[in-house]
């Protein structure tokens, strides 16, 4: 609260009447309170690599992150292939499986472990119960760091216990998923959200979270956006299951 | 017609009952005729870097192409910046300005010349009529190869004539825009279209062009998809104008 | 030995008189024995990302690996910079610090921990004993997986113990350092070694390890190459110390 | 001369006693004269993508440029391959064929046209006089912009005249070869040259061009470096001929 008072003072000193706030739930909540307490017009736009913000199809940074992830997966596949190994790769996503699901589909993974799918371990065990799959070829398994059963090492231990003959390796992609040159799609999204957020402020909108839904600008109250979660399309999980067979 | 007879013979010999055809208008038309003449079930999915197919928001290859284009633009910007030059960069797009518009927005271009915008030259001349912009800094101008007034060299000549003091360079990106490792978005799009096209065939659909519109599968007759054109959102051109100022 | 008999049989069946063997010490030793036991002419060329083979300045795969490493370091630096963190990044190199040293210099690291330098921890502690360096900016520290004091996590624990106020993160680059599209330098090196190895076989050379030293082809006995180790230039370590200050 | 007086005044005002000058022949000559006329200690280090400076094996920027070139060649090969085309790709190199030769070898080109080789057109014609090579597969031909017989378009016209059935495309890589994130090798080279140039100044060296020859620092007078040219190893041209067959 003291921080917001300070922010308000700085803004008024500089003659700034409206604020575009880029971030996640925390930033949205801060902007919402700044508006309530001090009357500064605030529009929030979604900036997080996790893609789990409510009120938008995509968040700024997400496309770059999954491109980095699949580049890493492609590299690991080269080793997996030539050494006949199973690689368990942990990607970011503390509360959601967006990165894991999309990079798993794009990377041609044989298994994708996400918090939204409680039957993914069963599917994986079934996959490896086929002897040939287990011993004669390589596999890529993607795990969201926030999977309800644990990260990549936990899954590796289970798999090892169940199928002791699998040659397993674990890779945690970690912070390379942040940073890097932004992808085309992220730049276009950021340009578009920047443009529409300024227009919204000019039109007198405030306390609004601006996203892109079905390729069109979409606004909901900041408070709503900061308290609800985006959920993964169940149809997409079904598709991933079919493709990984 | 003879070709299609041969194709039909090959398909029946191999016991293939349905065909997923990946391509543009020409391939769609071929699939449509193959179905009409021989009764093979055909579903078309959009594969072209130009993104100008009717009945889909994105075509397979487009996202990779614009990522390649902005990578090239980023590199050229380094030279433009350190040598204080204006660069006119021609990107692909024989009949449409999708690549030019999106890579221009993503690449922070000062001018974007596309067939869909007949006033783009006026805007560009206005931009450079400001002395400072012309002589004291660098600029990136993107031209679609199919712009109604000509390619990059034509625009360079006009600009040179009007403003002889501009230091100009022309780059034609050409075929580097095709090929390369596919981007995450293109892989996900291709996976999704592949999945839904096979499901469509299983469900008895035929003669259909399958696309993704507003993140959902969308089908129209092949004939319609092969004879209509996708058009650029006018709002996007307006946005590009504001951002390039 | 049975394996080599089988290899010999396969070679003679196919009329192959000479073998170019790509690999590390193990493969060299195998080629040496294959020659001794069966008289097949063998030339070895260095293929390992670790760059620690004796008798060559560079091994095939090394340049690609350090390019992948610095790309990852660049990405991590973006996060380190914006969040004011110290990142400890572990790179490959079980027995040697080549990758760590070169990627540390190229990546602008503040500390490089390699098995060849026993005073590197002292230097690092000294670096962080400066209060400002520790708390007001970000740092990148590169650790070779085979460092004599342990990997990235060991170093992180020591640093944390000594300076509890440091905000630390650990990243293990792992298998992304293998694989990927080969760099220009690796392709040229591989082309050159391929060319010279075939010429060597034609000229009647055998049991030789072929490398490139001072930009020229260089040959030593396979046995020697497989039993000696390449060592890091001490001058390079001194240079890294100066640059990281 | 006036410019150098001004430079000298600026240096003395700021208490700068020595200068490290990064560039090509022109910059070296300027540094040489600045030293002669005003006594400022000057050391030159080689910064040009063309790699044709005398007194060094590699220049800063060269490795990045050839990596960019082969990335572009890889992309074009995808199209050449799927459409059965011959691509003539022009790379930078006004006075020398370094970029063309190295990127041609690394890119697996079937022909490399450089100013240093006057028989390259004969070799190319011979290559395509084989009917199968001309009509049944694809080819990549690299041309240095400064080839003694002309650039890519000139070579395309000649080839078209001689073999009218070839499906040809021309791509001029142009300014994308400058700029971009520096490669690992370029960063290490730049770090090393920076380190040794400062040490040279401290040791009282002046009027010296510093390069790296056979992996060791190497110094010659600036005047000599600015008036002689580096030449391509004839053995490398021979190797390229063998590899392209």
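A, B, C and D are the chain letters, set down in written order, and residue numbers restart from 1 in every chain.
Methods note: contacts are C-beta pairs under 8 Å (C-beta built on N, C-alpha and C of every residue); 3 or more make two chains touch, one makes a residue touch a chain.
Note that this is a predicted model, so its numbers are computed, not measured.
K.L.:
For chain A and chain C, what is the smallest step count along a path of chains that touch one another?
P.N.:
Shortest path length, in steps: 1.
K.L.:
With chain centres defined as mean CA positions, report which chain is farthest from chain B.
P.N.:
Between chain B and every other chain, the largest centroid distance is to C.
K.L.:
What whole-number Å value describes the gap between the mean CA coordinates of chain A and chain D?
P.N.:
Averaging C-alpha atoms per chain gives centres 42 Å apart.
K.L.:
As a quick test, compute the distance in whole Å between the mean CA positions of chain C and chain D.
P.N.:
27
K.L.:
Could you work out how far the Cα centre of chain B sits from that of chain D, in whole Å?
P.N.:
33
K.L.:
Return the residues of chain C touching two or more other chains; collapse runs of consecutive numbers into ranges.
P.N.:
As it turns out, chain C has residues touching two or more other chains at 71, 74, 181.
K.L.:
Which chains are in touch, pair by pair?
P.N.:
A-B, A-C, B-D, C-D
K.L.:
Along chain B, where are the residues that touch chain D in the complex?
P.N.:
So the residues of chain B in touch with chain D come to 68, 71-72, 74-79, 87, 169, 171-180.
K.L.:
For chain D, which residues count as touching chain C in their complex?
P.N.:
My answer: residues 57, 63, 66-67, 69-71, 74, 102-103, 105-107, 181, 183-185, 187-188, 191-192, 195, 214-215, 239, 242-243.
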